Structure formats: C-alpha cells, structure tokens
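Labels run A, B, C and D following the written order; every chain starts at residue 1.
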Amino acid sequence: MNAWRTRETTGHESPRELLPRTEFDDLLGRVGDFVRRVVIPAEPAPGEYLDLEVRDDLRAQAKEAGVFAPHVARRWGGLGLPVAQWPEVFEAAGYSPIGPLVLNCMAPDEGNMHMLEQIATPEQSEQFLRPLAQGDVSSCFGMTEPHPGAGSDPSQIRTEARKTETGWVINGEKRFSSGANLAAFMIAMARTGDEGQATMFLIPMSAPGVKITRQIHTIDRVIDGGHPYVELNNVEVDDDAVLGEPHRGLEYAQVRLGPARLTHCMRWLGLAHRAQDIALDRGHERRLFGHLLEEHGIAQELIAQSEIDIETSRSIIRRTAVLLDEDFREGTRLSSIAKVHCSEAVYRVIDRAIQLCGGDGVSDELPLAQYLNEVRPFRIYDGSTETHKWAIARRASRRRQRQLTERTPDRTG
Amino acid sequence: MNAWRTRETTGHESPRELLPRTEFDDLLGRVGDFVRRVVIPAEPAPGEYLDLEVRDDLRAQAKEAGVFAPHVARRWGGLGLPVAQWPEVFEAAGYSPIGPLVLNCMAPDEGNMHMLEQIATPEQSEQFLRPLAQGDVSSCFGMTEPHPGAGSDPSQIRTEARKTETGWVINGEKRFSSGANLAAFMIAMARTGDEGQATMFLIPMSAPGVKITRQIHTIDRVIDGGHPYVELNNVEVDDDAVLGEPHRGLEYAQVRLGPARLTHCMRWLGLAHRAQDIALDRGHERRLFGHLLEEHGIAQELIAQSEIDIETSRSIIRRTAVLLDEDFREGTRLSSIAKVHCSEAVYRVIDRAIQLCGGDGVSDELPLAQYLNEVRPFRIYDGSTETHKWAIARRASRRRQRQLTERTPDRTG
Amino acid sequence: MNAWRTRETTGHESPRELLPRTEFDDLLGRVGDFVRRVVIPAEPAPGEYLDLEVRDDLRAQAKEAGVFAPHVARRWGGLGLPVAQWPEVFEAAGYSPIGPLVLNCMAPDEGNMHMLEQIATPEQSEQFLRPLAQGDVSSCFGMTEPHPGAGSDPSQIRTEARKTETGWVINGEKRFSSGANLAAFMIAMARTGDEGQATMFLIPMSAPGVKITRQIHTIDRVIDGGHPYVELNNVEVDDDAVLGEPHRGLEYAQVRLGPARLTHCMRWLGLAHRAQDIALDRGHERRLFGHLLEEHGIAQELIAQSEIDIETSRSIIRRTAVLLDEDFREGTRLSSIAKVHCSEAVYRVIDRAIQLCGGDGVSDELPLAQYLNEVRPFRIYDGSTETHKWAIARRASRRRQRQLTERTPDRTG
Amino acid sequence: MNAWRTRETTGHESPRELLPRTEFDDLLGRVGDFVRRVVIPAEPAPGEYLDLEVRDDLRAQAKEAGVFAPHVARRWGGLGLPVAQWPEVFEAAGYSPIGPLVLNCMAPDEGNMHMLEQIATPEQSEQFLRPLAQGDVSSCFGMTEPHPGAGSDPSQIRTEARKTETGWVINGEKRFSSGANLAAFMIAMARTGDEGQATMFLIPMSAPGVKITRQIHTIDRVIDGGHPYVELNNVEVDDDAVLGEPHRGLEYAQVRLGPARLTHCMRWLGLAHRAQDIALDRGHERRLFGHLLEEHGIAQELIAQSEIDIETSRSIIRRTAVLLDEDFREGTRLSSIAKVHCSEAVYRVIDRAIQLCGGDGVSDELPLAQYLNEVRPFRIYDGSTETHKWAIARRASRRRQRQLTERTPDRTG
C-alpha cells in the first residue's frame, strides 16, 4: 500500500494490480518494437528539436500500437500500470531520446499526470488530467525561482499567493519552467504562510498576468517547450484552482518528486543503453592495430564498466519502483539514492561510448555528444547530486541514532 | 524454475517456496537479534581467529534460536529458504564477521552444501551433506592449482584422474584450498579428458595420498581452516566418489559459482553495513573544529557515497538472487556483474569508514583495519574484478551481435 | 639539448636560453593583464564563434602589448621562449577560450610553427612560417583519414604520394582537418613507401585538386576554421614541397606531437582555472540553507578535488616541458602521460564547476557548459586516453625488462 | 630563500647549494645500487619487524657507501642536500620498505632532525641532533593526544606546561607517539597559554614522570618503536629544554610538517614504484588464456593508471620540494595538495599491483599486502585526506577573494 495515500483523504485511486507476466512481456515487446520500427527512424538530427507535427503523428501511431501513456490510469486513457512495472517500459521508451515524448511519458507532463491522479478533484481531473493524458495539451511545473528563491532549498520560495474572498492572487517569478512555452497550464507552487507553508495551484498559461519573459538556452533538446522565466503578476484564480489542500504544497511536491526523479532514471537508462549499443556496434566494426576494437582490453574495460553501471542502475530502479508502491516513505528515501547513482551512471556510460567512438563521438557523425548534453543537466535538476548526498548522509546518521536509542530493527526495503 | 535444473537428471530438489512475508520478517528479526545479542559479544579480537569450542557453542545456540543453516533444505536440517530469500538473512548474519560461520552459511561449506543438494546422490548426501549441514564437519573445495594450472582460467587444470576398473586414481596439487586444515572432505576437480573435460570427486581428507603441505598466510581471518597447498598423490577413489556425472565438472563448477559468489556479496555487504554503523557512531560522538564530525560536509560526502554503495549492492544482489531461482543462466550472467560491483563497493565502504575514524581506524582500537583485510581478497577470489570485466565485456558484445542478427528482443531479467 | 635535434641535420635552431626570472615574471604579468583587460571583454557568447575582424583587432593589440607568438623564435617575430617557459604563459593565455587564438599560440598553427622551425628549409620558412608566425595566414595539419585510414594507428595511412620526375602527385582524403576552411596551406602526411614510410608535404590550399568537401559539426568552438573532410585529387607539388626528408614523416609527426599535446594541456589548464574561478565566485555569492555555498562541505569537496587536479596537472606539465628541452625522448614519454592526466583532469574541473553552479551551469547564463564541450574532444584527439594508456603500459613493461636484463639504473627525468 | 627562515632569528643554517648534476647522478646511482644490493636482501618477511642488530649493521654499510643521512647538514654528519634534491634520493631509498630506516631518513627522526637544524640552539644540537643524525639514538614526536585533545585540530591540545622559576612542569597524555618505545627523547608539544599558544620541549624519555603506557597495535611495520600512549606526569624540565622560543610551538609544527609530509610522499612513492615493478615482473612471467598477463588489455589499464599515478606524484613532489626552498609559504600550501594526491595515489598503485598478482597478492607469497597496510595509515596521519581537502578548499576560496579585491596577479609557484 502506498503509505502516503493511506495518510490522505484526497487519494482517488485504488492500488493498481500488476499486469500478469505474459501480458506484460507482450506489452514490452510491443514497446521495443514500436521504438525500433517507428520512433528511431523519425529522430531529428543531433541538436535539432522534434517537429510538433511529426510528434503528433507519432503519438497517433503509439495510441494505435497500444503503447501510449503507460503510467496513466485506464479511465483517463492510459495503460494503468502500477509503478512497479514502469521501469522496463520507460527504459524501452527512453531507448530513443524522443521515445518518452511520443509515448506521452516524458517530463514534466508525466510527473504532473501522476500527481493529478493522486490529488486532483474529479472536476480538476476532467479539466486538466484528461487532455494531458491524451496528449492534447502539455503542461509545466512552476517550482524553481530566481535566486534567492526556491532552488536546492524549496523552503526559500518567494512567489506568494494572497487569499481573497473567493480565491487567490498570485505574484512571483519562476524560472527553469521546463515546457512553459508550449504548456496549456502550470502547476505552480506559492507561499501561503510561514516557511514550509506553500500551496499548489492549477493556472492556465492564458490567465491574465501570466507572462513568459526570458528564455534560458540550455544544452538539452528533448524537453519540449524550453526552460523560460515566467512572471506571475497579480494572477487571480478561484478556490478550485487549489490542487489538494491549501498549505500542503511542499508535502505534495514530495509525492511528485519521489516517482518523478525515478522515472527520469528509467528514461535516461534507456538512452544509456542506446549509447552502449552504438559503442558495441562500433567495437564490432572497427579494426585497430590488427584487432577488432571490441577485442582490445582497454575497450573491454570501458564496455564492462558501462555494463556494471547499467545493471546496478536497473537494479536499484526496479527495487525502488516496487517500494514506491509498497512503502512510499522508504521508496522516497531510496529514490534519492537511486537518483544520484543513476544520473551519474548514465552520464558515465554515454561518456565512455564517446571514447569508444573516437572523433565521431564528439561530432554529428553520431548522436552521442548530444546524448551527453541531454543527460548532463540531470545531475543537477530534481536535486543535484551534492544536495542529495547531503540529505542522504544526514538521513543515515539519524536512522542510526534512532536504531540505537529505540533498538528498532534495521530493516531495509 | 532453475533453468539449470531443468536440463539435469540429477537434481533431487523441487523448487522451493518463498516463506510468507510475515514468517520471513519474523525470521529476519530473530537473526538480527541473535547476531547482536549472542554473536557480536563473542567476536575475537582483531587479527585473532575464533576459538573452535566457542564456535561450536555459538552454533548450538544458533540451532536453538532457529537460525541455523538457513539456505539448506529442511530435510537436511536447514531452514529451506529459496535463493530469493537469502540476501537479507545472509547480510544480517554477515553483520558480524563470524556470523556466517556461526549460522553455518560461510564459504566454502555453504557453496559445497548448495552444490551437493543439486547434484549428489542420496547416498552421497547422507554421507557428506548431512553432517556438513548440521555443522558436525567442515569441507573444502579443490579447484585452484599452482601456476601454470587452474586459476583465472579453469580449463588449465592439471590435476588428473585416471580411470581404473572400479574407480579412479587422482594425482595433482591444489592450492588456496580454503578450509582444508579442518576439513573432513574435499570436493576436488580433476581433468578426465581433453581441455574442458573435468570431473568432480568427493575425497575424504583422510584418504591415503592426500597431504596438506605448505600453508599460505593470507590477510583474512574469518575463513576457518587456512588456505594450504594440498597434494593428491595417487589417491584412489571408487566410482561412487564421482559427484554428478563424469566429465561435467566444469559445468557443475558454474552451478556452484553463480550462487556462491553472490552469497559472498551478501555476507560482505553485512560487514560493510557494520563498518558504516561504526563510522556513523563515531561521527555522532566526535567533535572537531566546533561541530560533530557527522555535520562536516566532507564527512557527509563519505557517508553518502557509502550509502549509495550499500544500496546499489543490496539492489543488484536481490535482483540476482530472484533471477537465480527463475532463470539460472541470466542469473549467472548477472551474478558476475554483481560480484564485481559488490566486492569493490564493500571494500570502499570499509575504507571510508576507516577514514572517518582516523588513527583508530588503522589500529586495533577498532576492528575496521581487519575488516578491510577481510574483504580485500574478495576482489580476487571467485574470479578477480579484471577477469570478470573481461568476461562481461565479451558477453555484452556477443549479446548485441545476437540481437542484431536474430532481431531478438533485448529482455533483461 | 633536444635529443631529436642532435640526430638531425635540418635543425636550424640553436637551443634557446631561459628568459631571466624577473623579465619572465614581467611577461607573465603582461599576459595575465592583457587577457583580463582586453581578451575577456571580447569573448563571444557561449556557442558562438569569434568574429574574424575582432580577432585581427585583438591580435594587433597583442602585438602592441608584446605578448604575441610567445613560442616562436624572435627572428620570425615571436618572443623566443624555450619550451620550459611555455607552461605559465600558455596557461595564462588559455584563461580565456579565445586567448590562445589572440596570442597566436592556438592549435593547429602553434604545432605547425614549432615543426616548421625545427625542420623547414630557410626558403620554406620564409614562405610558410613567417606569415603564420605573424598571424597573416593560418594553416592546418592533414593526418587523420576516414576509416580505415590513419587514425589512432597512424601507420594505416592511405593517402599516397607518387614520385614524378620533379615532384610528387598526391591522392587521398583527410578528415578532421582542423582549421582547413580558413587555412592558407596544409601540412599533409602521405604514404611514400611501405608501412611506416610516409612523407610530409607543404600544400597550398589553393593548389589544384585540393577540395574541402563535407563539414563535420563538432561540439567545440575555439578552433577556427572547422574540421572538414579534404580531398586531395591528383595534387601536384614540386620536390621543395617536401618538409624535412622524404619517408621520415611519421618520425617528424612525433616531433610535432610531443610538444603539441603538451601545449594543449597548458591552454586547457588555463580554461580549467577559469572554470574554477567562476565556481569560487559563485560559492562566495550564493547562500543555501543558511550558509554560503563555499562553506558547505560537499561543495568544499568539489573545490578541493579541482585544486588537486589543477596543481597535479601544472606540476606534470612543467616537469615535462623542461624535459622536452633537455631530453626529448624522455620528454615525449612523459608528455603522453601528461596528456592523459591533464585531459581528464581539466574535464573533471569544468564538470565540477558546473555542479557548483547548478542550473546556470548547464545553461547560457554561464559559459561553463560550452567550456565542457570545448575540452571534451581533447580526451580523444592527439591520441585518445585509451590509446595512450595502451602505449604507456607497454612502454612500462618494456622499460622494466630492459632494466632487469641490462641492470640499467631506473632514472626518471 | 626559505621564507620562514627569513622571519626567524634562530635559523642557523645558510641556504644549501644544489649538488652539481653529475655528482648528484653519481649519488643517486650509489643509493639505487646500495638498496638493490644490500638493503633488499636483508628485508624481513612480510609482517615482521627489522631486527635492530641487522639494522645497525646495514646502517654501518650505508655510512661506508656514502649514502647515510642525505638530508642532514654536513656538519652533523649528513650529505647536506637541499630539499630540492631530496625527492629522487628519498624515493630511491623507499624502494625498500626498510631503506629509509637504513639511510636514517625515516619518520619521525627525519622530520625531527630537520626541525632541530632549523630551530635548536648549538647546545641542543650537540646534545640531541648529533647522535640522532649519526643513528646512535632515535626520537619521537609528541603531538597527537587522546580525544578530545590535539588530533586533526592541533589547537585542541590539552597537555600543559606550567612555568616554574627555572623551568617547566609538564602534564598530559600523548598517543600515537610513533617510535616512543625505542626513543631517547621526545619533542613534545604542550599548551603554554591560550588557544594557539603552545611550546615545544625536548624531553628525555628517561626523565622522571615519562611513562609509556598502552601500546596501540597498528597495521604498519616499518616505523620502529611502536605507536604507544605516553603519560607525562609532572615532568620537570629546565628552560633550556624549550625548542625555539616559547609559545611558538604551533608555528614550528608547520616548519616540521610542510617538509615532513612531503618526505613521506617521497619515501612511499619509492614503495609504490617497487610494487609496480613486482606487478610488471608478474605480468611478464604469467600466461593466461594464451597470452602473457602484460598483454591483456585490462591488465594494461591497471599498469597505465599506476604509471600516471606515479608520474603525477613525482611531478608534484619535485615542484613542491623546489618551492620549499624558494618560497616556504607557497611550498607549504602545495605540500598539502601533494600529500593528498600522493597518499591516495601510492595506495592505489599498490592496490592495483595486488590485483595484478591475484591470490599471491593477498598472501605472504608476495610482500604486497603488507605494503598496502604500510601505506594505508598515510592517508590519515599528518592530516587526513579529508582534513586537508577542507583546508585546501578554504584556502582556494580565500585566495580568489584576495585576487578580486586586490587585483593581485594569480601567480603559481
């Protein structure tokens, strides 16, 4: 049971059943096949963005192939998989950098859908979740702010929502609002009380006072809709724009983040797998100093290290996904560790693939340099490696003290 | 289903059932409690060996506590856990360096028991497995030989068994025969044909011609019975000394090694966990430059890295253990990767704990330096990190080629 | 004495004198000042190229400031520093990504000038070296070829030069011909005999048969003139186009490469230093969780690791530079080790700076992501890390055997 | 000029001259030859201590060979080399773990001699330095105390010296007093005022009130005389027992530590070199899977990484040694960085050598496991890696701020 859900009154979802193994294998086969047959041939050149019309056409094919929105409940048009069965599907989708977008399980929409499913009212779900799940619109998440505001430390949030009689007036500035350029709405966090008191709001991007200002050019390409600054200038919303209960925004953010950082791991692991395959193919076709590249020991060292990175990432992702269904609190703890390990590991795998491919690896002859730029920011967003390490260490120290004083067993999920 | 067993006629075991979760949690609680309450207080000083009488007394208590021989079938006196449930139990036992010995799940006996259960005839089982499972005798495994003989490359085996009318005459020399000084019998590999043709024999250490010669002093302490050279000089055995079928010895060695290297990971992970706890306790009690050690960021860096090493190890161990029950071939592939990752990770964890404990870490004020010496050889035995990496890389290259030519799906266990 | 030069008859240079310490300190001060005052304000935005007119204007100022072409002999218009005094000057220039271009000590021109000084005839020097040294023209180096041709293994060269009565006819294809788009001439390597027999030619880019074909888009920006494919189609040259003696091209390549890869290290170390300063500035201005970023221990860990990377790089660069003047053979051996260490180290330093700067680090708010792309290829060109490691290991094995058999002392430079 | 010495009135030494290159090469040849011919054959078995009589006999031979006490001024019986020429000699001595002891340049005596030369009065020098330099007696250094006392943070010193009319009464407890069991005297630090006010005293171990209490067993073997606790119980000394001026003890400790941690680097680098040679020899003699071990790429990876570790260590050691003569303050800054890099690097080199030697590496068949235990504590003593990193980071931040505010040039030694 999702521990978080048990503490909640707003959870509308009953726990999902695992798809039986043979059906799941069949689904996985279809996803893999779809990615190879349909998605990969449609990939844009390195450094380019996917054309929106092409995207929509691919999405239509994904629906037909029965691989669309695998993480969303059936009632909203998805495949209804429990979190425990996301890892293999998301990894298969992520084998193409545009795969998750095509299957509609890309950030930030995927995390937003998951949170809406957990917290939104039926009316909010109809208005925001349904079109999002069907790929008719896209969304963004408004958390990060210009310094000094919410960043590594979310409690520094400065955007404020002031209560009026029938609703709220919101003022503030967000940045790194991934996807905002194309989004129909933003899920925005605003301070509604003392430190630690924040509320989530559903705000249409067309609402008066919402304004996209400066674009930030970043090195990734696969998150549609840019990473701009967004101004919220006296934005007025009704009470029913509140997502969940007021003042519990920071708590809800965890509901979103625990799984959301893990789904990043799943998707990027797929890209790491792709990079490793590109390197293996090169290793099998290039001849150096009289031997195939793959037979050179120092190349084998790189290949083996990447295998280890891939399999340890796979292992902690899958264990964490099961935990997120069974014990949300422990799952969130582990997802923090998984995030650090996987974000560093997938970076290393792609980096090694580049070494194995030599000059072509750092040029557009191969997509690897772009892959590296794609995953580089993941070591920073959703909590940087360093911020997580700091939290991991403090959590470890506290858990140990608790064990010693309470003599509680040291069970591990 | 154990894929290996399905190919075999000699497998006497039906697949084991998972212990229901509540019973399993209860067992885990008992093991943890027993280790803390009984085993840890009886640990020898760093650098010393456990006294044999103390060991036997502790074992008697372990039987009483219902935690003895967790991996052995009930009919031979064990707890009958499937491999999928070994990781948590073995880790809990390994929290003390002598825990696995006390619970009778230490190498090399544990691997020998596992193999005997899979391959031995009922008569062989009564004679060799039963007393081993009950802790009445111990055993050794005779594989490694002086150079140039079986080492990293087992096919170089030079010990030879010559067929006679009613049995075999065995000649050769083994070394690093862990446990031989105390063993009642050796499971010895001998060449019985061309390269790749070897047979396993059950040889009492008291048999004429078996002679322990030179002792090799190593840096570990927790494997009882030393690591001596053993001479096999015209050792005569009957046909019923053959374990399994003749000429399939190298194949059987894989049956032993796949799980055996994973159980090492499980046990040593327990010791890494112990080292981390010792470091956390130090971090909570020492004050430096005006702050608790655990509050210094560079200490937190070490603590966090160790948490990541511990949790990634735990994750790949558990996934591999499940696979060894479900798909033995894939489980063996993954156990090779797990072995490299875990052996390096547990070493790093203990090494960091030493740094956190300063001068006491490299002296007998704490057991950490001995722990480091305990796990150092694990990066070498059961296939060194480098040998495994070489195999991992070649396996990755071949799998990729197979996928490309057969267009087989790239499923991962 | 340059050991290589002693074997040569074509060396026109007498060994250079060290600039006295106070004059050298004065020069260093001028370079640092010039870079900060003139060069940095003129840097193009991340991802952009330096405008050629701006470049020429900056170069004029560099000449005026007495910091132009520090590595070139005075008679050709440079400052005449011996290799031992290049490290600090090149590092100071490299503090700006465009600094070396402005000071005319950027690859590939810098390495070409150095080689021309060593090998060219007086006439060739007048024609090619003088305008290059004065920054009136630029050049390229034609070594790398499409697979299977010269790459990691230069002996695989396929471009061929056929002797005619009065000259040569050259046919082949080069790629990654850095700078070719703007170059006035190419120093091209062509096979002129059996394996290991190649000759270097001075070829004007305007010569009939020389054709730039496909551009390769790479992730760096600071090497002017692209990295295109260049076709050599029946290119006819006279005998005086031969650089040095015929058939000794591979040997000369070492003359170029030993110092050339070390000057890369020097320049990129400057950029690493810059990245570290950007990170330190951020650490001093950002406040997180109630403390300055620079006071957080996990940030200090990154800063300290980068300091270590910078200082070890500095140390091996300076020692190698001295050796290249004193003992060219030993200097070349060490420059291979320095290349691996420094290319990996500068990459890590910039990578850590990005972590320290968070989201701004992976966007155009800061130039760091571009710096990372700038130095990424250096782990590949001039011999990849892996190719060098392979050579380093074999050299170590051979040296040890030589010592054992000849009982030669194991002196280190 | 030694920057520290210029601030001092007690420095009796004029700056030393470099030995001319040919004489120095000759000396180096003699040291290398002596170590190979005389010292190595006399090495004790792994885990054993060098017999004192054997030591004295070897020392007599070292004197005869003209290689004794290379770092001590000629007037005290040494060879009088300036610090800049220590690195190669100390490394050559350290090629055997007992080499430095035999040449009388081992810790803690070597550091004590260096400090006495800098600070002691002529009378103190006659009484303490002369017999030490001649190897007639040994010494210890009393700094570290039981927690909470002087450890990573020397200002926490608790041993106190109270002024009497004609001298001092000292009370306190020291631990990790390396060498105390055999020492004739201790240079002890005691608090003589507020925090940061401490004084150094020369105390004969036979003085009433000096008592060696508990021995601490550590994993190293080559520092003679153990690492015991030493009680100072109302120890009375005269005023002339003060080393240097009163209250400047912490400052003098830096005079000792800067060079002392660098000489550790030099000596241990010699042992790393030895381990690499042992591994190279093994690589040349072992055949695996049809090839020499040294031809396997994954072995080459290890060999190359160790070459890089050795050469970067050599480079920063030599640069730092030159600086310690030229600019003591900058030299001390760099010696902190060198200490971290070298202590970690030599550990890795020996660790890799063990991997290359397999089972023999972790047993007494080879001395490598003992070498690893020998260098493990060096990552902790003289400032642990973590303590140094913390200091390195803070120093980097401060230096950057200074540059920005004062616009001072950022010169590097």
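As a working rule, contacts are C-beta pairs under 8 Å (C-beta built on N, C-alpha and C of every residue); 3 or more make two chains touch, one makes a residue touch a chain.
Just so it is clear, the model here is predicted, and its values are computed rather than measured.
Engineer: Which chain is most remote from subunit B in terms of Cα centres?
Structural biologist: Relative to subunit B, the chain with the farthest C-alpha centre is C.
Engineer: Could you label the subunit C-subunit D interface same or different, taking same to mean over half of its residue numbers are used by both chains?
Structural biologist: Both copies, subunit C as well as subunit D, present the same residues to each other, with over half of the numbers appearing on both sides.
Engineer: Averaging over Cα atoms per chain, report the distance between subunit B and subunit C in Å.
Structural biologist: 52
Engineer: With chain centres defined as C-alpha means, what is the inter-centre distance between subunit A and subunit C in Å?
Structural biologist: Measuring from centre to centre gives 41 Å for this pair.
Engineer: On subunit C, where are the residues touching two or more other chains?
Structural biologist: Correct list: 296-301, 389-390.
Engineer: Would you tell me which residues of subunit B are touching subunit C in their complex?
Structural biologist: Interface residues on the subunit B side: 296-301, 304.
Engineer: Which subunit D residues qualify as touching subunit C in the complex?
Structural biologist: For this pair, the touching residues of subunit D are 25, 28-29, 32-33, 88, 273, 276-277, 280-281, 283-284, 294, 297, 299-301, 303-305, 307-308, 311-312, 314-316, 318-320, 334, 337-338, 340-341, 388-390, 392-394, 396-397, 400-401, 404, 409-412.
Engineer: Which of the residues in subunit A come into contact with subunit C in the complex?
Structural biologist: Subunit A reaches subunit C through residues 46-47, 144, 147-148, 151-153, 175-176, 216-220, 227, 286-289, 296, 298-299, 302, 354-355, 358-359, 361-365, 369, 372-373, 376-377, 379-381, 384-386, 389-390.
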